[in-house]
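Each in structure tokens, the structures are laid out below.
Each of the next two complexes has subunit A plus one other chain: subunit B in the first, subunit C in the second.
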Partner chain A sequence: MGSNKEQLLRDIGIVDFVLTELTLYLDTHPFDCHAMEYFNHYNRIKHQMEKEFSMKYFPLNTRMAESSKEWRWGMAPLPWEGECG
Partner chain B sequence: MQDYLYDNNIDKFPIAMAYVPWQKFDKMYDDLEKAYCTGTIFPELDKPFTGRRCV
Partner chain C sequence: MWSYEKRLQFPVNIKEPNAKLAQVIISQFGGPDGEMAASMRYLSQRYSMPYREVAGLLTDIGVSVSKLHILDLSRCSGSFGFRSFKIFQ
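On to the complex of A and B.
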């Protein structure tokens, strides 16, 4: 997986899709431990990727918006500014 | 949830009803990019729907 901004954002979208699929599966198979292991694995990866992106570029959500010198959440590009894919 | 095996219990299924066989998760696509473009992470659900019938 790549490391530049656009690539990282796209990869986060892909992992998010994987989690959506696993969630749909687990909704109908709530005792499938094998699928839960997959879910936990990709959930951790997604969290790491979002954290990395938020530290390098701009926070993707308010949970990642810790700031000191400037309010990073407010400085982040708005969705209609075309930065969010 | 009851988990009938269709093949073994065909006589127990009422007629004129539609059934969706239960999905069994084995493994997902290793290539997540491919899964994303295909629209599913489950190889068993990757069907070439033609709009008329499935192949």
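On to the complex of A and C.
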């Protein structure tokens, strides 16, 4: 269970790395359709993984912080507390 | 303008705390020639960048650099330095 959480965070990190670098490339090559397809593909995957993680564990960003009983965003661990990867 | 994610870019697992090393790393992050200062330079120089797409690039790089809470610092600053060097050539 715990390892699944870590694994998911790790996978998100990997996909996010791809997206960060692709963003910088696309900034200076805004008409490269091939790169855009690549971006869209990984962007969709990242979104899906973030949603899964946020539902199972804690919201990774405020857009996924929908809460009813308690404010899940505020209750979530902070990145330097050792539970965010 | 900013939003952030509650996760690290790369998993960190400190097995042996090392205060001396931490001192070096924190100065690479927040010191006079650190990543924080570099990110602020990217984010202020973008306003006078004559090429629109490069102004956008400087914004994205500035954000990435400011996100480097954990890092292989020399490698990161090296590659970012190289990237900006290439742009301005």
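We take it that the second predicted complex is superposed on the first by the 82 of 85 C-alpha atoms of A that agree within 3 Å, B and C clash if a C-alpha of one lies under 4 Å from a C-alpha of the other, contacts with A are read in each partner's own complex, and residues count from 1 in each chain.
Operating definition for what follows: a contact is a pair of C-beta atoms (placed from the backbone, for glycine too) under 8 Å apart; a residue touches a chain by one contact, two chains touch by 3 or more.
Only a predicted model underlies this, so the values are computations on that prediction, with no experimental measurement involved.
Colleague: Kindly classify A:17 by the partners it touches after superposition: subunit B alone (first), subunit C alone (second), both, or neither?
Modeller: both
Colleague: On subunit A, which partner's contacts cover more residues, subunit B's or subunit C's?
Modeller: After superposition, C is the partner touching more of subunit A.
Colleague: Just to be sure I read the superposition right, which of the two partners does A:78 touch: subunit B = first, subunit C = second, or both, or neither?
Modeller: The answer is second: A:78 touches subunit C but not subunit B.
Colleague: According to the stated criteria, A:35 is in contact with first (subunit B), second (subunit C), both, or neither; which is it?
Modeller: first
Colleague: Enumerate the residues of subunit A that count as touching subunit B in its complex and touching subunit C in the other.
Modeller: Overlap of subunit B and subunit C footprints on subunit A: residues 13, 17, 28.
Colleague: In the complex formed with subunit A, which residues of subunit C make contact?
Modeller: 3-12, 53-54, 56-57, 60-61, 64, 69, 83, 87
Colleague: How about subunit A: which of its residues touch subunit B in the complex?
Modeller: So the residues of subunit A in touch with subunit B come to 13-15, 17-18, 21-22, 25, 28-29, 32, 34-35, 38.
Colleague: Which subunit B residues qualify as touching subunit A in the complex?
Modeller: Of all residues in subunit B, those touching subunit A are 23, 25, 28, 32-33, 35-36, 40-42.
Colleague: Residue numbers of subunit A touching subunit C in their complex, please.
Modeller: Per the stated touch rule, the residues are 6, 9-10, 12-13, 16-17, 20, 23-24, 27-28, 30, 58-63, 73, 76-80, 82, 84-85.
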